[in-house]
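Only one structure is covered here, and it is reproduced in the block below.
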(Lines give C-alpha, C1' and ligand atoms only; values in the text may rest on other atoms or scores of the structure.)
Protein backbone atom coordinates (compact mmCIF):
# COMPACT_ATOMS: atom_id res chain seq x y z
CA UNK A 1 0.00 0.00 0.00
CA UNK A 2 1.24 3.47 -0.85
CA UNK A 3 1.77 6.04 1.85
CA UNK A 4 -1.39 7.85 0.75
CA UNK A 5 -4.62 7.00 -1.04
CA UNK A 6 -7.30 8.90 -2.89
CA UNK A 7 -10.61 8.99 -1.09
CA UNK A 8 -14.05 10.58 -1.25
CA UNK A 9 -15.28 13.09 1.31
CA UNK A 10 -18.68 14.59 2.06
CA UNK A 11 -18.76 18.38 1.65
CA UNK A 12 -20.80 20.89 3.60
CA UNK A 13 -22.83 21.36 0.42
CA UNK A 14 -23.82 17.72 0.54
CA UNK A 15 -24.54 17.97 4.25
CA UNK A 16 -26.65 21.10 3.77
CA UNK A 17 -28.78 19.41 1.12
CA UNK A 18 -29.23 16.43 3.45
CA UNK A 19 -30.18 18.70 6.34
CA UNK A 20 -32.70 20.58 4.23
CA UNK A 21 -34.38 17.37 3.02
CA UNK A 22 -34.38 15.93 6.54
CA UNK A 23 -36.03 19.02 8.01
CA UNK A 24 -38.67 19.03 5.27
CA UNK A 25 -39.44 15.35 5.85
CA UNK A 26 -39.69 15.91 9.59
CA UNK A 27 -41.98 18.91 9.14
CA UNK A 28 -44.18 16.89 6.81
CA UNK A 29 -44.44 14.13 9.42
CA UNK A 30 -45.27 16.62 12.16
CA UNK A 31 -42.49 15.28 14.42
CA UNK A 32 -39.63 17.75 15.10
CA UNK A 33 -36.26 16.03 15.05
CA UNK A 34 -32.63 16.35 16.05
CA UNK A 35 -30.43 15.67 13.02
CA UNK A 36 -26.67 15.10 13.08
CA UNK A 37 -24.34 14.52 10.12
CA UNK A 38 -20.76 13.35 10.60
CA UNK A 39 -18.01 12.58 8.11
CA UNK A 40 -16.21 9.23 7.83
CA UNK A 41 -13.82 10.19 10.64
CA UNK A 42 -16.71 10.85 13.00
CA UNK A 43 -16.05 14.59 13.00
CA UNK A 44 -19.30 16.59 12.85
CA UNK A 45 -20.23 18.44 9.64
CA UNK A 46 -23.73 19.68 10.40
CA UNK A 47 -26.41 19.55 13.06
CA UNK A 48 -29.86 20.99 13.63
CA UNK A 49 -32.29 20.72 16.53
CA UNK A 50 -35.78 21.53 15.32
CA UNK A 51 -38.12 23.60 17.49
CA UNK A 52 -40.01 21.16 19.70
CA UNK A 53 -37.55 18.29 19.37
CA UNK A 54 -36.34 16.58 22.55
CA UNK A 55 -33.04 18.21 23.47
CA UNK A 56 -31.50 15.00 24.81
CA UNK A 57 -32.08 13.47 21.38
CA UNK A 58 -29.12 15.57 20.23
CA UNK A 59 -26.98 13.04 22.09
CA UNK A 60 -28.68 9.91 20.79
CA UNK A 61 -28.77 11.32 17.23
CA UNK A 62 -25.02 11.94 17.48
CA UNK A 63 -24.44 8.35 18.68
CA UNK A 64 -26.58 7.03 15.84
CA UNK A 65 -24.61 9.03 13.26
CA UNK A 66 -21.29 7.92 14.75
CA UNK A 67 -22.38 4.29 14.85
CA UNK A 68 -23.47 4.29 11.21
CA UNK A 69 -20.31 6.13 10.09
CA UNK A 70 -18.06 3.76 12.04
CA UNK A 71 -19.75 0.46 11.21
CA UNK A 72 -20.93 1.32 7.71
CA UNK A 73 -24.35 -0.16 8.43
CA UNK A 74 -27.56 1.18 9.94
CA UNK A 75 -27.24 1.67 13.70
CA UNK A 76 -30.08 -0.81 14.31
CA UNK A 77 -28.13 -3.57 12.52
CA UNK A 78 -25.35 -4.05 15.08
CA UNK A 79 -25.04 -7.78 15.92
CA UNK A 80 -27.27 -8.83 18.85
CA UNK A 81 -24.44 -10.48 20.74
CA UNK A 82 -22.40 -7.34 21.25
CA UNK A 83 -25.15 -4.79 21.79
CA UNK A 84 -24.89 -3.95 25.49
CA UNK A 85 -21.16 -4.63 25.68
CA UNK A 86 -20.20 -2.50 22.70
CA UNK A 87 -22.31 0.40 23.93
CA UNK A 88 -20.64 0.29 27.32
CA UNK A 89 -17.16 -0.11 25.87
CA UNK A 90 -17.56 2.99 23.71
CA UNK A 91 -19.12 5.21 26.34
CA UNK A 92 -22.45 5.03 24.56
CA UNK A 93 -21.10 6.11 21.18
CA UNK A 94 -22.12 2.83 19.58
CA UNK A 95 -25.88 2.49 19.81
CA UNK A 96 -28.39 0.09 18.35
CA UNK A 97 -31.21 2.62 18.39
CA UNK A 98 -32.80 2.94 14.95
CA UNK A 99 -32.27 6.21 13.06
CA UNK A 100 -28.58 6.07 12.16
CA UNK A 101 -27.72 5.39 8.52
CA UNK A 102 -24.35 5.25 6.75
CA UNK A 103 -23.76 7.78 3.97
CA UNK A 104 -22.34 5.87 1.01
CA UNK A 105 -21.39 7.62 -2.23
CA UNK A 106 -20.03 5.67 -5.22
CA UNK A 107 -19.49 2.73 -2.92
CA UNK A 108 -17.41 4.76 -0.46
CA UNK A 109 -18.49 5.24 3.15
CA UNK A 110 -18.28 9.03 3.54
CA UNK A 111 -20.12 9.49 6.83
CA UNK A 112 -23.27 8.87 8.84
CA UNK A 113 -26.54 10.59 9.62
CA UNK A 114 -28.38 10.21 12.90
CA UNK A 115 -31.95 11.29 13.58
CA UNK A 116 -33.69 11.27 16.94
CA UNK A 117 -36.81 12.53 18.68
CA UNK A 118 -39.51 10.47 16.98
CA UNK A 119 -40.34 6.79 16.82
CA UNK A 120 -37.71 4.54 15.27
CA UNK A 121 -39.69 4.46 12.03
CA UNK A 122 -40.00 8.26 11.92
CA UNK A 123 -36.29 8.67 12.61
CA UNK A 124 -35.36 6.28 9.79
CA UNK A 125 -37.76 7.98 7.35
CA UNK A 126 -36.10 11.34 7.96
CA UNK A 127 -32.61 9.89 7.60
CA UNK A 128 -33.61 8.22 4.33
CA UNK A 129 -35.03 11.49 2.98
CA UNK A 130 -31.62 13.04 3.66
CA UNK A 131 -29.76 10.27 1.83
CA UNK A 132 -32.12 10.53 -1.14
CA UNK A 133 -31.30 14.24 -1.43
CA UNK A 134 -27.73 13.44 -2.48
CA UNK A 135 -28.53 10.27 -4.41
CA UNK A 136 -27.04 7.98 -1.78
CA UNK A 137 -28.46 4.46 -1.41
CA UNK A 138 -30.99 4.04 1.40
CA UNK B 1 -42.53 29.33 10.72
CA UNK B 2 -41.08 32.66 11.77
CA UNK B 3 -37.52 33.15 12.99
CA UNK B 4 -38.84 33.43 16.53
CA UNK B 5 -41.83 32.24 18.55
CA UNK B 6 -43.43 33.38 21.79
CA UNK B 7 -43.07 30.91 24.63
CA UNK B 8 -43.29 30.52 28.41
CA UNK B 9 -40.31 30.20 30.74
CA UNK B 10 -39.95 29.15 34.39
CA UNK B 11 -38.55 31.91 36.62
CA UNK B 12 -36.28 31.52 39.62
CA UNK B 13 -39.26 32.57 41.72
CA UNK B 14 -41.18 29.57 40.49
CA UNK B 15 -38.15 27.35 41.04
CA UNK B 16 -37.64 28.69 44.57
CA UNK B 17 -41.23 27.94 45.50
CA UNK B 18 -40.82 24.44 44.11
CA UNK B 19 -37.58 23.91 46.02
CA UNK B 20 -39.15 25.10 49.25
CA UNK B 21 -42.14 22.76 48.92
CA UNK B 22 -39.90 19.86 47.94
CA UNK B 23 -37.64 20.32 50.95
CA UNK B 24 -40.64 20.53 53.27
CA UNK B 25 -42.14 17.35 51.83
CA UNK B 26 -38.81 15.55 52.17
CA UNK B 27 -38.38 16.71 55.76
CA UNK B 28 -41.88 15.55 56.58
CA UNK B 29 -41.11 12.12 55.12
CA UNK B 30 -37.85 11.89 57.04
CA UNK B 31 -35.87 11.10 53.89
CA UNK B 32 -33.35 13.81 52.85
CA UNK B 33 -33.28 14.33 49.09
CA UNK B 34 -31.29 15.78 46.23
CA UNK B 35 -33.54 18.06 44.18
CA UNK B 36 -32.74 19.50 40.75
CA UNK B 37 -34.85 21.87 38.66
CA UNK B 38 -34.03 22.57 35.01
CA UNK B 39 -35.71 24.78 32.43
CA UNK B 40 -37.08 23.51 29.10
CA UNK B 41 -33.65 23.68 27.47
CA UNK B 42 -32.09 21.51 30.15
CA UNK B 43 -30.16 24.42 31.68
CA UNK B 44 -30.21 24.26 35.50
CA UNK B 45 -32.25 26.82 37.48
CA UNK B 46 -31.98 25.51 41.04
CA UNK B 47 -30.57 22.64 43.04
CA UNK B 48 -30.35 21.59 46.66
CA UNK B 49 -28.72 18.63 48.37
CA UNK B 50 -30.29 18.11 51.77
CA UNK B 51 -28.16 17.18 54.76
CA UNK B 52 -27.99 13.39 54.86
CA UNK B 53 -28.94 12.86 51.21
CA UNK B 54 -26.79 10.54 49.10
CA UNK B 55 -24.35 12.77 47.24
CA UNK B 56 -24.34 10.63 44.10
CA UNK B 57 -28.08 11.17 43.91
CA UNK B 58 -27.22 14.66 42.69
CA UNK B 59 -26.32 12.99 39.39
CA UNK B 60 -29.37 10.77 39.14
CA UNK B 61 -31.66 13.63 40.18
CA UNK B 62 -30.12 15.73 37.39
CA UNK B 63 -30.70 12.95 34.85
CA UNK B 64 -34.28 12.56 36.03
CA UNK B 65 -34.91 16.29 35.64
CA UNK B 66 -33.32 16.35 32.19
CA UNK B 67 -35.27 13.31 31.06
CA UNK B 68 -38.59 14.78 32.15
CA UNK B 69 -37.78 18.17 30.59
CA UNK B 70 -36.68 16.59 27.32
CA UNK B 71 -39.44 14.00 26.92
CA UNK B 72 -42.24 15.93 28.56
CA UNK B 73 -43.31 12.87 30.54
CA UNK B 74 -42.29 11.34 33.89
CA UNK B 75 -38.84 9.75 33.69
CA UNK B 76 -40.32 6.37 34.63
CA UNK B 77 -42.59 6.44 31.57
CA UNK B 78 -39.95 6.02 28.85
CA UNK B 79 -41.00 3.24 26.45
CA UNK B 80 -39.79 -0.21 27.51
CA UNK B 81 -38.19 -0.97 24.16
CA UNK B 82 -35.58 1.75 24.32
CA UNK B 83 -34.78 1.83 28.02
CA UNK B 84 -31.24 0.44 28.20
CA UNK B 85 -30.25 1.68 24.73
CA UNK B 86 -31.39 5.26 25.19
CA UNK B 87 -29.62 5.55 28.53
CA UNK B 88 -26.38 4.37 26.98
CA UNK B 89 -26.71 6.54 23.87
CA UNK B 90 -27.17 9.69 25.93
CA UNK B 91 -24.35 9.03 28.37
CA UNK B 92 -26.83 8.34 31.12
CA UNK B 93 -28.75 11.58 30.67
CA UNK B 94 -31.95 9.75 29.79
CA UNK B 95 -32.98 7.62 32.75
CA UNK B 96 -36.06 5.59 33.53
CA UNK B 97 -35.57 5.91 37.27
CA UNK B 98 -38.72 7.22 38.97
CA UNK B 99 -38.56 10.74 40.42
CA UNK B 100 -38.37 12.95 37.33
CA UNK B 101 -41.49 14.91 36.44
CA UNK B 102 -42.12 17.44 33.66
CA UNK B 103 -43.06 20.97 34.72
CA UNK B 104 -46.05 22.02 32.63
CA UNK B 105 -47.65 25.45 33.01
CA UNK B 106 -50.69 26.47 30.97
CA UNK B 107 -50.04 23.49 28.73
CA UNK B 108 -46.44 24.51 28.01
CA UNK B 109 -43.49 22.30 28.99
CA UNK B 110 -41.27 24.75 30.90
CA UNK B 111 -38.81 22.33 32.50
CA UNK B 112 -38.30 19.29 34.66
CA UNK B 113 -37.73 18.40 38.31
CA UNK B 114 -35.68 15.43 39.44
CA UNK B 115 -35.58 14.05 42.98
CA UNK B 116 -33.27 11.33 44.21
CA UNK B 117 -32.08 9.72 47.43
CA UNK B 118 -35.21 7.93 48.60
CA UNK B 119 -37.33 5.12 47.26
CA UNK B 120 -39.00 5.70 43.92
CA UNK B 121 -42.27 6.47 45.66
CA UNK B 122 -40.63 8.96 48.04
CA UNK B 123 -38.85 10.67 45.15
CA UNK B 124 -42.09 11.05 43.21
CA UNK B 125 -43.96 12.38 46.27
CA UNK B 126 -41.39 15.13 46.73
CA UNK B 127 -41.45 16.05 43.05
CA UNK B 128 -45.23 16.22 43.12
CA UNK B 129 -45.17 18.50 46.17
CA UNK B 130 -42.94 20.83 44.18
CA UNK B 131 -45.28 20.87 41.19
CA UNK B 132 -48.27 21.53 43.44
CA UNK B 133 -46.51 24.60 44.84
CA UNK B 134 -46.80 26.41 41.49
CA UNK B 135 -50.13 24.91 40.52
CA UNK B 136 -48.64 22.66 37.84
CA UNK B 137 -50.42 19.37 37.05
CA UNK B 138 -48.95 16.31 38.80
CA UNK C 1 -42.39 37.78 40.02
CA UNK C 2 -44.66 34.98 38.80
CA UNK C 3 -43.57 31.35 38.49
CA UNK C 4 -43.37 31.83 34.72
CA UNK C 5 -42.82 34.65 32.24
CA UNK C 6 -43.56 35.10 28.55
CA UNK C 7 -40.48 35.23 26.37
CA UNK C 8 -39.25 34.95 22.77
CA UNK C 9 -37.33 31.98 21.37
CA UNK C 10 -35.32 31.45 18.19
CA UNK C 11 -36.77 28.71 15.94
CA UNK C 12 -34.86 26.30 13.72
CA UNK C 13 -36.31 28.22 10.79
CA UNK C 14 -34.57 31.35 11.97
CA UNK C 15 -31.38 29.38 12.61
CA UNK C 16 -31.51 27.79 9.16
CA UNK C 17 -31.83 31.17 7.50
CA UNK C 18 -28.87 32.41 9.53
CA UNK C 19 -26.80 29.36 8.63
CA UNK C 20 -27.59 29.75 4.94
CA UNK C 21 -26.60 33.43 4.90
CA UNK C 22 -23.45 32.73 6.90
CA UNK C 23 -22.32 29.97 4.54
CA UNK C 24 -22.96 32.21 1.52
CA UNK C 25 -20.96 35.04 3.05
CA UNK C 26 -18.11 32.70 3.90
CA UNK C 27 -18.07 31.23 0.39
CA UNK C 28 -18.02 34.72 -1.08
CA UNK C 29 -15.03 35.61 1.09
CA UNK C 30 -13.22 32.43 0.13
CA UNK C 31 -12.65 31.48 3.79
CA UNK C 32 -14.49 28.32 4.94
CA UNK C 33 -15.89 28.69 8.44
CA UNK C 34 -17.25 26.82 11.43
CA UNK C 35 -20.60 28.32 12.41
CA UNK C 36 -22.51 27.60 15.63
CA UNK C 37 -25.90 28.96 16.67
CA UNK C 38 -27.19 28.56 20.24
CA UNK C 39 -30.41 29.66 21.89
CA UNK C 40 -30.59 31.98 24.91
CA UNK C 41 -29.98 29.08 27.32
CA UNK C 42 -26.80 28.06 25.53
CA UNK C 43 -28.39 24.91 24.08
CA UNK C 44 -27.28 24.37 20.45
CA UNK C 45 -29.78 24.87 17.63
CA UNK C 46 -27.60 24.53 14.52
CA UNK C 47 -24.01 24.03 13.47
CA UNK C 48 -22.05 23.63 10.26
CA UNK C 49 -18.39 23.02 9.55
CA UNK C 50 -17.59 24.06 6.00
CA UNK C 51 -15.25 21.99 3.87
CA UNK C 52 -11.75 23.31 4.46
CA UNK C 53 -12.53 25.00 7.79
CA UNK C 54 -10.25 24.30 10.74
CA UNK C 55 -11.91 21.55 12.75
CA UNK C 56 -10.76 22.92 16.12
CA UNK C 57 -12.58 26.12 15.25
CA UNK C 58 -15.75 24.19 16.03
CA UNK C 59 -14.77 24.59 19.68
CA UNK C 60 -13.87 28.26 19.53
CA UNK C 61 -16.99 29.04 17.46
CA UNK C 62 -19.06 27.31 20.13
CA UNK C 63 -17.39 29.35 22.89
CA UNK C 64 -17.97 32.55 20.93
CA UNK C 65 -21.66 31.72 20.48
CA UNK C 66 -22.04 30.83 24.17
CA UNK C 67 -20.25 33.99 25.26
CA UNK C 68 -22.45 36.23 23.13
CA UNK C 69 -25.62 34.43 24.24
CA UNK C 70 -24.65 34.62 27.91
CA UNK C 71 -23.36 38.20 28.03
CA UNK C 72 -25.68 39.71 25.42
CA UNK C 73 -22.76 41.52 23.78
CA UNK C 74 -20.17 40.62 21.13
CA UNK C 75 -17.59 38.16 22.47
CA UNK C 76 -14.81 40.66 21.78
CA UNK C 77 -16.44 43.21 24.09
CA UNK C 78 -15.86 41.47 27.44
CA UNK C 79 -14.33 43.92 29.94
CA UNK C 80 -10.52 43.98 29.83
CA UNK C 81 -10.15 43.39 33.54
CA UNK C 82 -11.70 39.95 33.58
CA UNK C 83 -10.53 38.56 30.25
CA UNK C 84 -8.01 35.88 31.23
CA UNK C 85 -9.67 35.08 34.55
CA UNK C 86 -13.18 34.62 33.22
CA UNK C 87 -11.98 32.36 30.44
CA UNK C 88 -10.18 30.15 32.95
CA UNK C 89 -13.05 30.15 35.44
CA UNK C 90 -15.53 28.96 32.82
CA UNK C 91 -13.35 26.25 31.35
CA UNK C 92 -12.86 28.29 28.20
CA UNK C 93 -16.57 28.83 27.59
CA UNK C 94 -16.23 32.60 27.93
CA UNK C 95 -13.91 33.85 25.22
CA UNK C 96 -12.94 37.32 24.03
CA UNK C 97 -12.09 36.11 20.54
CA UNK C 98 -13.93 38.14 17.92
CA UNK C 99 -16.68 36.38 15.95
CA UNK C 100 -19.39 35.86 18.57
CA UNK C 101 -22.48 38.06 18.29
CA UNK C 102 -25.69 38.12 20.34
CA UNK C 103 -28.93 37.40 18.48
CA UNK C 104 -31.43 40.05 19.52
CA UNK C 105 -34.98 40.08 18.16
CA UNK C 106 -37.46 42.79 19.15
CA UNK C 107 -35.13 43.73 21.97
CA UNK C 108 -34.99 40.22 23.41
CA UNK C 109 -31.73 38.25 23.60
CA UNK C 110 -32.69 34.96 21.92
CA UNK C 111 -29.26 33.42 21.42
CA UNK C 112 -25.78 33.77 20.03
CA UNK C 113 -23.86 32.99 16.87
CA UNK C 114 -20.18 32.09 16.81
CA UNK C 115 -17.99 31.94 13.72
CA UNK C 116 -14.42 30.69 13.62
CA UNK C 117 -11.74 29.70 11.14
CA UNK C 118 -10.90 33.03 9.52
CA UNK C 119 -9.43 36.28 10.74
CA UNK C 120 -11.38 38.13 13.39
CA UNK C 121 -12.76 40.49 10.76
CA UNK C 122 -13.83 37.63 8.50
CA UNK C 123 -15.50 35.84 11.40
CA UNK C 124 -17.45 38.95 12.35
CA UNK C 125 -18.52 39.59 8.74
CA UNK C 126 -19.99 36.12 8.49
CA UNK C 127 -21.79 36.43 11.82
CA UNK C 128 -23.24 39.77 10.75
CA UNK C 129 -24.48 38.31 7.47
CA UNK C 130 -26.34 35.72 9.53
CA UNK C 131 -27.94 38.34 11.77
CA UNK C 132 -28.99 40.39 8.74
CA UNK C 133 -30.80 37.36 7.34
CA UNK C 134 -33.37 37.48 10.14
CA UNK C 135 -33.42 41.26 10.48
CA UNK C 136 -31.57 41.26 13.79
CA UNK C 137 -29.41 44.28 14.68
CA UNK C 138 -25.69 43.85 13.90
CA UNK D 1 -4.05 12.59 66.10
CA UNK D 2 -7.00 10.29 66.63
CA UNK D 3 -8.47 8.34 63.77
CA UNK D 4 -11.46 10.70 63.70
CA UNK D 5 -12.24 14.26 64.72
CA UNK D 6 -15.33 16.28 65.48
CA UNK D 7 -16.09 18.94 62.90
CA UNK D 8 -18.75 21.44 61.89
CA UNK D 9 -20.78 21.13 58.71
CA UNK D 10 -23.11 23.49 56.87
CA UNK D 11 -26.67 22.15 56.59
CA UNK D 12 -29.14 22.67 53.77
CA UNK D 13 -31.07 24.86 56.21
CA UNK D 14 -28.10 27.16 56.46
CA UNK D 15 -27.63 27.09 52.71
CA UNK D 16 -31.30 27.84 52.10
CA UNK D 17 -31.17 30.88 54.36
CA UNK D 18 -28.06 32.05 52.55
CA UNK D 19 -29.68 31.52 49.16
CA UNK D 20 -32.78 33.42 50.22
CA UNK D 21 -30.78 36.40 51.47
CA UNK D 22 -28.59 36.37 48.37
CA UNK D 23 -31.56 36.40 46.03
CA UNK D 24 -33.17 39.25 47.96
CA UNK D 25 -29.96 41.29 47.84
CA UNK D 26 -29.60 40.64 44.11
CA UNK D 27 -33.21 41.62 43.45
CA UNK D 28 -32.74 44.80 45.45
CA UNK D 29 -29.66 45.68 43.38
CA UNK D 30 -31.48 44.97 40.13
CA UNK D 31 -28.76 42.61 38.92
CA UNK D 32 -29.84 38.94 38.59
CA UNK D 33 -27.13 36.57 39.78
CA UNK D 34 -25.93 32.99 39.69
CA UNK D 35 -25.33 31.79 43.26
CA UNK D 36 -23.52 28.59 44.26
CA UNK D 37 -22.94 27.25 47.78
CA UNK D 38 -20.53 24.38 48.44
CA UNK D 39 -19.53 22.62 51.64
CA UNK D 40 -15.98 22.36 52.93
CA UNK D 41 -15.29 19.34 50.70
CA UNK D 42 -16.28 21.29 47.59
CA UNK D 43 -19.44 19.22 47.12
CA UNK D 44 -22.39 21.41 46.10
CA UNK D 45 -25.20 22.07 48.60
CA UNK D 46 -27.33 24.62 46.78
CA UNK D 47 -27.44 26.63 43.58
CA UNK D 48 -29.78 29.10 41.91
CA UNK D 49 -29.64 30.88 38.58
CA UNK D 50 -31.87 33.93 38.71
CA UNK D 51 -33.99 34.87 35.69
CA UNK D 52 -31.87 37.15 33.52
CA UNK D 53 -28.52 36.11 34.96
CA UNK D 54 -25.75 35.14 32.52
CA UNK D 55 -25.86 31.36 32.22
CA UNK D 56 -22.09 31.00 31.89
CA UNK D 57 -21.77 32.70 35.26
CA UNK D 58 -22.95 29.42 36.74
CA UNK D 59 -19.46 28.14 35.96
CA UNK D 60 -17.55 31.12 37.31
CA UNK D 61 -19.76 31.28 40.42
CA UNK D 62 -18.96 27.60 41.04
CA UNK D 63 -15.23 28.28 40.65
CA UNK D 64 -15.48 31.22 43.04
CA UNK D 65 -17.28 29.09 45.65
CA UNK D 66 -14.76 26.27 45.28
CA UNK D 67 -11.82 28.66 45.52
CA UNK D 68 -13.12 30.26 48.71
CA UNK D 69 -13.98 26.89 50.27
CA UNK D 70 -10.59 25.45 49.39
CA UNK D 71 -8.38 28.42 50.32
CA UNK D 72 -10.44 29.74 53.20
CA UNK D 73 -10.11 33.29 51.90
CA UNK D 74 -12.03 35.41 49.40
CA UNK D 75 -11.39 34.28 45.81
CA UNK D 76 -9.98 37.70 44.94
CA UNK D 77 -7.28 37.32 47.60
CA UNK D 78 -5.23 34.58 45.98
CA UNK D 79 -1.55 35.60 45.89
CA UNK D 80 -0.62 37.48 42.70
CA UNK D 81 2.31 35.25 41.92
CA UNK D 82 0.30 32.10 41.43
CA UNK D 83 -2.79 33.52 39.76
CA UNK D 84 -2.54 32.33 36.16
CA UNK D 85 -0.60 29.19 37.04
CA UNK D 86 -2.94 27.98 39.74
CA UNK D 87 -5.98 28.55 37.55
CA UNK D 88 -4.46 26.51 34.75
CA UNK D 89 -3.27 23.76 37.08
CA UNK D 90 -6.75 23.28 38.52
CA UNK D 91 -8.63 23.38 35.24
CA UNK D 92 -10.05 26.76 36.11
CA UNK D 93 -11.41 25.70 39.49
CA UNK D 94 -9.22 28.18 41.32
CA UNK D 95 -10.14 31.67 40.22
CA UNK D 96 -9.19 35.13 41.37
CA UNK D 97 -12.43 36.68 40.18
CA UNK D 98 -14.15 38.59 42.99
CA UNK D 99 -17.40 37.16 44.37
CA UNK D 100 -16.23 34.03 46.19
CA UNK D 101 -16.25 34.14 50.00
CA UNK D 102 -15.42 31.47 52.56
CA UNK D 103 -18.21 30.42 54.92
CA UNK D 104 -16.74 30.39 58.43
CA UNK D 105 -18.83 29.41 61.46
CA UNK D 106 -17.35 29.45 64.98
CA UNK D 107 -13.94 29.71 63.42
CA UNK D 108 -14.43 26.62 61.28
CA UNK D 109 -14.32 26.79 57.48
CA UNK D 110 -17.58 25.06 56.51
CA UNK D 111 -17.80 25.97 52.83
CA UNK D 112 -17.80 28.69 50.22
CA UNK D 113 -20.27 30.85 48.35
CA UNK D 114 -19.72 32.09 44.82
CA UNK D 115 -21.75 34.78 43.08
CA UNK D 116 -21.46 35.78 39.45
CA UNK D 117 -23.23 37.81 36.78
CA UNK D 118 -22.72 41.34 38.07
CA UNK D 119 -19.74 43.56 38.64
CA UNK D 120 -17.19 42.35 41.16
CA UNK D 121 -18.63 44.72 43.75
CA UNK D 122 -22.19 43.53 43.13
CA UNK D 123 -21.12 39.90 43.35
CA UNK D 124 -19.36 40.49 46.68
CA UNK D 125 -22.35 42.40 48.11
CA UNK D 126 -24.65 39.49 47.38
CA UNK D 127 -22.22 36.96 48.86
CA UNK D 128 -21.90 39.09 51.99
CA UNK D 129 -25.68 39.30 52.36
CA UNK D 130 -25.74 35.51 52.32
CA UNK D 131 -23.06 35.24 55.01
CA UNK D 132 -24.88 37.76 57.19
CA UNK D 133 -28.02 35.62 57.04
CA UNK D 134 -26.33 32.88 59.08
CA UNK D 135 -24.24 35.18 61.24
CA UNK D 136 -20.97 34.29 59.53
CA UNK D 137 -18.19 36.90 59.42
CA UNK D 138 -17.97 38.87 56.15
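The first chain written gets the first letter, and so on, giving A, B, C and D; residue counts start at 1 in each chain.
Quick note on the criterion: contacts are C-beta pairs under 8 Å (C-beta built on N, C-alpha and C of every residue); 3 or more make two chains touch, one makes a residue touch a chain.
In this text, all values refer to a predicted model and were calculated from it rather than measured experimentally.
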| item | value |
| --- | --- |
| Chain pair showing more contacts of the two, A-C and B-C | B-C |
| Separation of mean Cα positions, chain C and chain B [Å, integer] | 30 |
| Mean-CA-position distance for chain C and chain A (Å) | 25 |
| Shared interface positions of chain D, touching two or more other chains | 51, 55 |
| Contact pairs between chains, per stated definition | A-B, A-C, B-C, B-D, C-D |
| Residue numbers on chain D that touch chain C, as the complex places them | 51, 54-57, 59-60, 63-64, 83-84, 87-88, 91-92, 95-97 |
| Residue ranges of chain C touching chain B (in the complex, touch as defined) | 1-14, 17, 39, 41-43, 105-106, 108, 110, 134-135 |
| Touch list for chain C against partner chain A, complex | 9, 11-13, 15-16, 20, 23, 32, 43-51, 55, 58 |
| Interface residues, chain C side, partner chain D - complex | 1, 5, 41-42, 66-67, 69-72, 82, 84-86, 88-94 |
